[in-house]
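Note that the chains take the letters A, B, C and D in the order they are written out, and that residue 1 is the start of every chain.
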Amino acid sequence: MPDEEFALEARGIIKIFGNHVALDNVNFGLRAGEVHALLGENGAGKSTLIKILTGAYQPTTGQVLADGVPVALDNPQQAQKYGIGTVYQEVNLLPNRSVAENLFLGHQPTRFGFVDRRKMERDSREVLKRYGLDLDPSSELGTHSVAVQQIVAIARAVELSGKVLILDEPTASLDRNEVERLFEIIRDLKARGLAIVFITHFLDQVFAVSDRVTILRNGKLIETRDLTGTTRTDVVRLMLGKDVAFSGATGVEDARPMGEVLLDFRNYGKKRSVHPFNLTIHKGEVIGVAGLLGSGRTEMARIMFGADAADEGTLDVSGKKATIARPTDAIAKGFGFCPEDRKAEGIFGDLSVRENIVIALQGKLGWFSALNRDEQLEIAGRFGESMDIRAASLDMPIKLLSGGNQQKVILSRWLATDPAFLILDEPTRGIDVGAHAEIVRTINRLRDEGLALVVISSELDEVVAYSTRIVVMRDREMVAELSGENINPGVIVQAIANHREGPAA
Amino acid sequence: MSRSLRPLVATAVIFAIAYALAVMQFPSMFSTRVLGNFLTDNAFLGITAVGMTFVILSGGIDLSVGAVIGFTGVLIAVLISWAGWHPLAAFTMALAVAAAFGGIMGLAIHYLQVPAFIVTLAGMFLARGGASVITRDSVPVNHEFYTWISELIIRLPGGGRLSFIGLLMVAIFILGALVAHRTKFGSYVYALGGNPVSASLMGVPVAQTTVLVYMLSSILAALAGIVFSLYTSAGYPLAAVGVELDAISAVVIGGTLLTGGYGFVLGTFIGVMLLGLVQTYIIFDGTLSSWWTKIVIGALLFLFIVLQRLIFAASAKGEKAS
Amino acid sequence: MMRRILSRLANPQLLALVGVLLINWLLFPNFFRITWQDGRLFGSLIDVLNRGAPVAILAIGMAGVIATKGVDLSVGAIMAVAGAVAATLVVAGYPAPVAVAAALAVGLLCGLWNGFLVAVLDIQPIIATLVLMVAGRGIAQLITEGFIVTFTDPVLIFIGTGSFLGLPMAAVIALVLMILVTLLVRRTAIGLFIEAVGVNRAAASLAGIRSRMLLFLVYGLSGLCAAVAGIIVAGDIRGADANNAGLWLELDAILAVVIGGTSLLGGRFSVPLAVVGALIIQAMNTGILVSGFPPEFNLIVKAGLIFLVLIIQSPLATRIVPVRVPASEARK
Amino acid sequence: QDISGKVIGFSQIGSESGWRAAETSVTRQQAEERGVDLKFADAQQKQENQIKAIRGFIAQGVDAILVAPVVATGWDDVLAEAKEAEIPVVLLDRGVDAPEDLYLTSVASDQIEEGRVAGQWLVDDVAGADCNVVELQGTVGSTPAINRKQGFEEAIAGASNIKITQSQTGDFTRAKGKEVMEAFLKSSNNGADICAVYAHNDDMAVGAIQAIKDAGLKPGTDIKVVSIDAVPDIFTAIAAGEANATVELTPNMAGPAFDALAAFWADGTEPEKFIITDSKLYTAADDPQGEYDRRKDLGY
């Protein structure tokens, strides 16, 4: 099909960063009226390809064609002119501006040369309603949760896409209902003849909406094929280049012997943030935290870690009273915390991978017992290897790594401090199958080594796979604690959905 | 009340209280004369500060404005007094030169990816140096047009005067507010200040906006230079030294965040008036020695910033409780 | 090892310094002539070191501040305050060590005040330090009551004009400070933490870095450096000139740090390269003076130089001529 | 001629030099002696602040206004406003380019004359011998720098033996004066080619003296030093033989101003439009130590 005319096409794209080949002679064609899944491991080059298709990056060599005609896309603005709407991987909107303005920036309705705010806000309300959001369009975007921001980003891209819609991991922070609604919209747009690119690490979602799939591996095009007649195993094999067994899905295991009590939160909470909760955590235990978006899971995690100070209740660590008013207190007690918003709170973009790994350990050691470069390299190298961090060099800035690898770096950062208790907030968000399995394996390993973990995740299958107990949050209140038989998706969903009479705690 | 409106209200409240206190001590501070002076005497600062507001909203800073005022004054004076141009022609020339100057700084900031602080610092040296190269003297302007403009005043009861330049400043503030809050360009400026990477991915013409912002700032600085030249009927290479710092202070006191993305043009107006109030108060007091003047200005600056913080924090708490 | 040293020498800052010196030599053939006179070296090159020292010392403190995404506009005023304190104390009969210690303490205090505004009250650095920039000079004049306080104390004068191993004392102090501060930030974790706070303060706090303490430290250090510079400048003219000491030097110091490759957006920083930046600025000043350029052109030449250095450093140029990224190389 | 109880506003330029600080304190002293309520406003070297101050004084309804104008131009409007409000204005130490009816009088020195006196001293002192002069200018573009340069050049114009070989700005400060002098020395064969230094103010001269000493030369002997202002520190240098001459600029401008106002209010006597203060030359022959003692408490 070499002469087939595509709505949008990339031909022979090579993209080189420094001396790292991110894309190596990639061809990629989009037909009108199809949903095209773009798959690959972390760092395979998906986001880079997207950025080239939308003019955010220029290819080192190669061509982008729209409707068979070569086009020069010097910036995202031009891409918008060709009717290409894009949701980039990280939420890339403007937290300082209103929701309406984020939706319409650059395309605001005008009257007499001035922006017609009233119309803009009316239109916004309508657009957002389609996604089940009822919020004040004049409110600042930054005051809303990540999920809402993500939906706004999607809505914006859909509004802009006359011909092509590109979604780079749009579902990473959406809950099931929202994903379902997004899929409805995607199907609708497809029926209207749009070409849609869909990047995700959730294979279910790929099979739910996609028609064709293109797989990248290490910057190389592996294959583009129809999804009919393709199995999940095929896809995973193509992505990884080998067979893997997804080791997470162990199902219900026998009750594990519990270690001694490590932490005991009593009526712990913060006014106007999280209702007081009781939670006892043993060594060698993984507490899964389930709940809808915005149910207060992140806030609970932050209180546990002292990022926001609790103002009521008590905490015992190994049987002794402890006060945790700030992260340094928590770290001194052996806590670690991987935040949900990697870019804003996790990585030090301009610092090297090495420094990103050792920084928490160094913070624990203090100002004056500095790790020298060799020690840093040794530590970073050790974790780089054990966590399989893909980086050209440990001295390159972490911002150049793909999302999944950044997450591994942050996990390594805490493991390097030899923690007793780890809080992971959405550790597998935006992570490919291989890395995903690895992180789940790491969680299991850490548990077996006697660590206590609290893991927040929106993926129920995953939570079920590694948790010894599950707590359910609803409306910023801990409403249920599930263990043993009750650790299964059905019960959890019920607990999340139920009002008041949830399953017994 | 929207979150970003709060600093604006805080500033307005502080201004009202401060003015009330000053009037209690010196009743003659509440007169049309003093109010008229507020507008006339701060006209050039206000116009400069409008441009500075845009620059700061976009996440940048412009240290060259004071020097541009000085340069413009000299250029105009030389063109009128030595070359015999009509003032309007000289004004047009000055605005054009400033536009080019600002545009070049904007280009350098965007394409060389050099921080605005440094580029505009170089711009400041260049403009100041350029003015001294043209002439080292203060060049007087004697033209009937200048006399005509200076006689364009509305007299108020009680000896107050609304001058042309004072009203011009008010007009620029209104225009500036419209552009910032009601046009696409304005939204691009805020977008740039919020997050330039996002802005670029969302299709904001980053290069064009950056260039336009610095152009606007330089043009308004040149306009301020014209106003300054009308105000003093002369051009002097050392005029308006340090006005950039006053303008930045006014913008920040007016509730605009130096990190960009949040703020109001109207806030800047109150900021300018607040600075004027402080100066007028010190003049009315008349007992402060040179050094105490500096210390008091510093202390008041500190006081306003802290008060604003406190009001901001208090109202932020109030919101969460609701 | 050898190669590492060589590649470190081939960075744009040092090249620019060499360039400016060569231009000076073209304009003024005796520029590199150094003679031995009265137990000290004497020559234009020595003047560059001597006159560049105050800005270099300011830049040493400023580098850390800028790395945390801050800026310190008050250093010029702190210089004036410190000079005034030292001068009035020796004139009042206190021994020089007491005067120097008091001046340093006052500088430190000023820096901590800035740190307090930035770290605790969370005021944006430009504005926070603007307060002291305005008020500080007033405080200095208050101390001197508007006089130029002239003194004859040999110790203070030695600090300003003496020489050690033939080198001007000011340059020696700058060198020692540079080494001490470099060791302080690079042999401990402080440098890494400063960069971390500058790059992402939220993440730094979650990683257990006490960013407030760190901000106090960098602003305190900046104030202390300013005090050292203030004492030197006072010693140099044997008097404390509260009106003019350090006037506008904050801009030169910021410029020096930026020429030294530290971004105003925070992050990577290098103390030695900031000092090189200060020397570039001074080499140009001295060049203008010895070559007999009309003074009206000083500012224009300075503006031209800034553009030149920045163009050399800009990502655009690195794309054409691949030079080493300065800041990452400056790290051990 | 009692003017006690009058409210008089004084718009001072700033406190950029010791001389100006002295002028401020002498003005305050004079006001106190005469029982005048002096309203003082420091303009921090900015004309716009001075205009604001004058407007503020008018709004306050003071009886008279003293202004030490930072530049000569740009006073017409605000002075007209004062005239309209019937408030007499007296200019101190510098003149303005405005119609003479807008102010009562101007008390000032003749800056060109100051430069001329300094230049004439040098012409007389070298008495025909060849002399290369280096000049330390004041702040680029400031009126005193321009006038003092012009006066000096006029005085040496007739003497072909005297040449200005180098001229740079020392910004009226000691530190810059010293730095610039160092550079002059380097580029003049370590000072061997310099016969005299002319500084636009004493502070720069004091800085230059130190630079000359650092270069191993004797200021006052190897290189002559002549400057303007007559601040206390230069008398110390003259007494020590390190400086040769200075031209006085008296800080007491307010005294004559108050006298003129008193006469004006008493019987409407119009004072002379320009009251010129003396530009007196001081050398080692004029009891430098005594001059120092007389001045040291004036607030220089």
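We take it that contacts are C-beta pairs under 8 Å (C-beta built on N, C-alpha and C of every residue); 3 or more make two chains touch, one makes a residue touch a chain.
Please read these numbers as outputs of a predicted model, since none were measured by experiment.
Colleague: Tell me, please, which chain's centre (mean of its C-alpha atoms) is farthest from the centre of chain C?
Modeller: Farthest by centroid: A.
Colleague: Per the definition at the top, count C-beta pairs in contact and tell me whether B-D or C-D has more.
Modeller: Answer by contact count: B-D.
Colleague: How many angstrom between the C-alpha centroids of chain C and chain B?
Modeller: 30
Colleague: Using Cα averages as centroids, what's the distance between chain A and chain D in whole Å?
Modeller: 71
Colleague: Multi-chain contacts only, two chains or more: what residues does chain B have there?
Modeller: Correct list: 132, 136, 289-291, 293-294.
Colleague: List, in ascending order, every residue of chain D touching at least 2 other chains.
Modeller: In chain D, 15, 21, 24, 140 touch at least two other chains.
Colleague: For chain A, what residues touch not just one other chain but two or more?
Modeller: In chain A, no residue touches at least two other chains, as defined above.
Colleague: Which word fits the touch map of the chains here: line, ring, star, complete or other?
Modeller: Here the contact pattern is something else, fitting no line, ring, star or complete shape.
Colleague: Mind listing each pair of touching chains for me?
Modeller: Every pair of chains meeting the touch criterion: A-B, A-C, B-C, B-D, C-D.
Colleague: Where on chain B does chain C make contact in their complex?
Modeller: 61, 108, 111-115, 117-119, 121-126, 128-130, 132-133, 136, 245, 248-249, 252, 257-259, 289-299, 301-302, 305-306, 309
Colleague: In the complex of these two chains, what residues of chain A are touching chain C?
Modeller: Within the complex, chain A contacts chain C at residues 305, 307, 326-328, 330-331, 337, 339, 344-352, 355, 359-360, 362-371, 373, 395, 413.
Colleague: So in the complex, which bits of chain B are touching chain A?
Modeller: Counting only chain B, the residues touching chain A are 2-4, 178, 182-184, 186-188, 190-191, 193-195, 197-206, 261-262, 320-321.
Colleague: Please output the residues of chain B touching chain D within their complex, sorted ascending.
Modeller: Against chain D, the touching part of chain B is residues 26, 28-29, 31, 33-34, 37, 40-41, 44-45, 132, 135-140, 150, 159, 228, 231-234, 236-242, 276, 279-280, 282-284, 286-291, 293-294.
Colleague: Touching residues of chain A toward chain B in the complex: what are they?
Modeller: Within the complex, chain A contacts chain B at residues 56, 75-77, 79-80, 86, 88, 92-97, 101-102, 105-106, 108, 110, 113-115, 117, 138-140, 143, 156, 160, 272.
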